[in-house]
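As structure tokens, the structure follows; a few thoughts come after it.
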């Protein structure tokens, strides 16, 4: 049972916090306001191995345990959730599937550049017609000699605007899309791979979430990840891993909201007292603190479960569900505590509020998480 | 002058004499402390061709001067000065040695203290004599959040470096006299292992950085107009500081966005902040909390900033700004 | 191979220091420890030398057992090994005993060092004294407040600002420099560096017995300075209100505060000189 962070985890958190506050902090507000992605931060994150957090040393990765991974995402997200999302999507949704299902040849071909951050990963699953219901995938993959021709449109692709290597979910059998579903590794330079328009979202605005058009996009057949028919399995298990990253993001956002609320409530005076003297405000702060701690523990439990090698579907879903809903509660309370200033763009809390909401939706909505958890719960013989 | 047993020594740090008043401030305080322990105040002066400083120190209250005037001491030299100070202190056995906390002083003092095997308190902001006749030193830590009262009960001399601007100097009085003790350079000086290759005067204000500025002049709507606000730049230049502005001022285009001090702008932590015509809305005051000393000028005595300030001046901001500029022109020497 | 020693202190993170301005109580035990910022710059200076001409860097710290964390961090950044000086009897040291204790450890473990690098000052006690006193203990030349430096053969060439003077100074080695926390941001720790430093590291732990130090000479017992009382200055912040004519206001302002203001702006504000 883990209740006290190790010296390594403590030191890691401090180091990441210092990096995030110094390098990302000053620009966090502007990149959100202008919805611009700061490439200069990528250049600063690359030498720190942030693009290969859990990749093996043989490929130049840091081979970190999952709690360390979560701490990295938490601390980056605490300063800018959009940048935290960039790292989470790259590490969990793009690097991970190649590591887990890739052949040795595929790993050698794709991993080094991704681990070095020279190519940023993006996971292309969602389509106009498929959100939670992945079995209805329409993007087709037709075999022509030794190439697959991919045709379709992917939307809401995190890192879409900056990706170098994409993991694309398509089907080889339009009549039975679920049975024929497969995953493909598609490099940006592939003919017919077109990065489309950027979404104008309420939260995570600095992340270049875009559409990806596959216009008869040709990829070598040896770019298929796993076997034909394994697409849904790979997709679902990848998203499951991704849940840990999202939960970590949510904890980071909640932490930032909480800290700002504490500072403000001590500084602001009304009725000749600081806000923090009033019991109703104290209750909010107590709730936030408890909530965040609970979320963190669920998150780290999911991390430990992942590292144990056993299935961790339920733990990951619980962590994602709880942490995202908790982040929304915390950010909401933080805005409330700030009063009028909470609605002002002069302060950061309204950004946390918008960013938190997104965590309840992507990589499996809260409804889907409840589906997963209830299925596990009902399967158990009580 | 009657022979007094113990001495309080002040190191004569004469570089930048007109800006650097700490030695004469310490002479003044040393005299007050000396009365309480029946001691004499001496100033140790090491250099070459330094008669004018010797005269200044006597005029400002030194009772005795230990003087080593030698061409070899034309520039401050850490190793040579440490050697000479140690030698003199071992010979004369002062009770207390005070050194101004200039960069030189803060480096010099620990060398001397270690050589003499004694204690040293850094950057004191208060000195007294306690009930047992010990030097009671008050020094800050954690960036000033905490103060400690320190004594050096057993070792001698008791040593302290003292922050400039804490004590008031005695007025210059050329009728004062003092003993001048010439201390010749010894023959057996060890060679210097440190060589100064070049040295150039570079007054500190290099970067125009509001966040690091030690002196800030902030203006708000109470200044009245863009033209009147512009005078703040003149005031800041005289003080060697930077100009900050509030959000209304920036949106009125009286100042650049870069000058914004507030929630959406810069956080400042100056030693001294002059706040002109600012009421003190939350977004602004949260960013000036770490200013050490605040002088606020506002027509409204109840404006929030007036409660935060160390000095609250109830007057028209622009008028005070202009008069302050004239007054400073009159007073600043050097 | 050049032998560098970097002295590092673990200090409480001031921004999160549990602080009660009413009682003046500082709960140091609760604040997490970080590598003192200036020490980080000192380590960076050593790492730059190592990158350029090669060196073996030993990081050394004196503190409680938790101070091991800063040694691990130093190794993650590129130091080769660490020495932790820890002993209950070392607690309460002033700069005199701190420099004494560290000098003994250096003499015992890295006797043939070329250069010692320290942070100019710490964010907690901010005395800036340990560096110069360590140089005295080891009888080596020392320069404080260095901004940039290079090693050239058996000498170090440094540049620094002190009291409005910009100096270029040459120092014979073995020597000591203290480095300012200013200039280019020091490198951040890579994740691979982190993993390696916490997996397997060359860190030795020494106490007063292994250093052969008598208790009379270390810690609070050996310290020359004794702290009588610690308190908060904020209780009782003056709030002086000045009113009246402009002339009267300015006269009062300068009468009460000319030394304060003059001291802070570095100018002499008296007019009544003969």
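For clarity, chains are labelled A, B and C in written order, and residue numbers in each chain start from 1.
In this section, contacts are C-beta pairs under 8 Å (C-beta built on N, C-alpha and C of every residue); 3 or more make two chains touch, one makes a residue touch a chain.
Here the structure is a predicted model, which means the values were calculated and not measured.
> When the mean CA coordinate of each chain is compared with the mean CA coordinate of the whole protein, which chain is closest?
That would be C.
> Which chain has its C-alpha centroid farthest away from the centroid of subunit C?
A
> Could you grab the centroid distance between subunit B and subunit C? Build each centroid from C-alpha atoms only and quote it in angstrom.
Inter-chain centre distance comes to 21 Å.
> Between subunit A and subunit B, what distance separates the C-alpha centroids? Give it in angstrom.
53
> Counting in whole Å, what is the centre-to-centre distance of subunit A and subunit C, each centre being its mean C-alpha position?
About 40 Å separates the centre of subunit A from that of subunit C.
> Across the complex, what residues on subunit A touch subunit C?
Touch residues, subunit A against subunit C: 7-8, 10-12, 14-15, 18-19, 22, 44, 47-50, 52-53, 57, 60-64, 68, 72.
> Okay, in this complex, where on subunit B does subunit A touch?
Where subunit B meets subunit A, its residues are 247, 262-264, 282-283, 285-286, 289.
> Would you pull the subunit C residues touching subunit A in the complex into a rising list?
13, 32, 34, 66, 68-69, 72-73, 185, 188-192, 194-195, 198
> State the interface residues of subunit B toward subunit C in the complex, per the touch definition above.
15-16, 18-21, 25, 78-79, 102-104, 106-107, 109-111, 113-115, 117-123, 136, 140-155, 163-169, 171-174, 193-204, 214-215, 239-241, 271-272, 292-293, 295, 301, 306-307, 309-315, 319-320, 323-324, 327-328, 330-334
> What does subunit C use to touch subunit B in their complex?
Against subunit B, the touching part of subunit C is residues 14, 17, 19, 24, 26, 94-96, 99, 123-133, 135-137, 140-145, 157, 161-172, 175, 223-233, 237-243, 246-247, 249-250, 253-254, 256-274.
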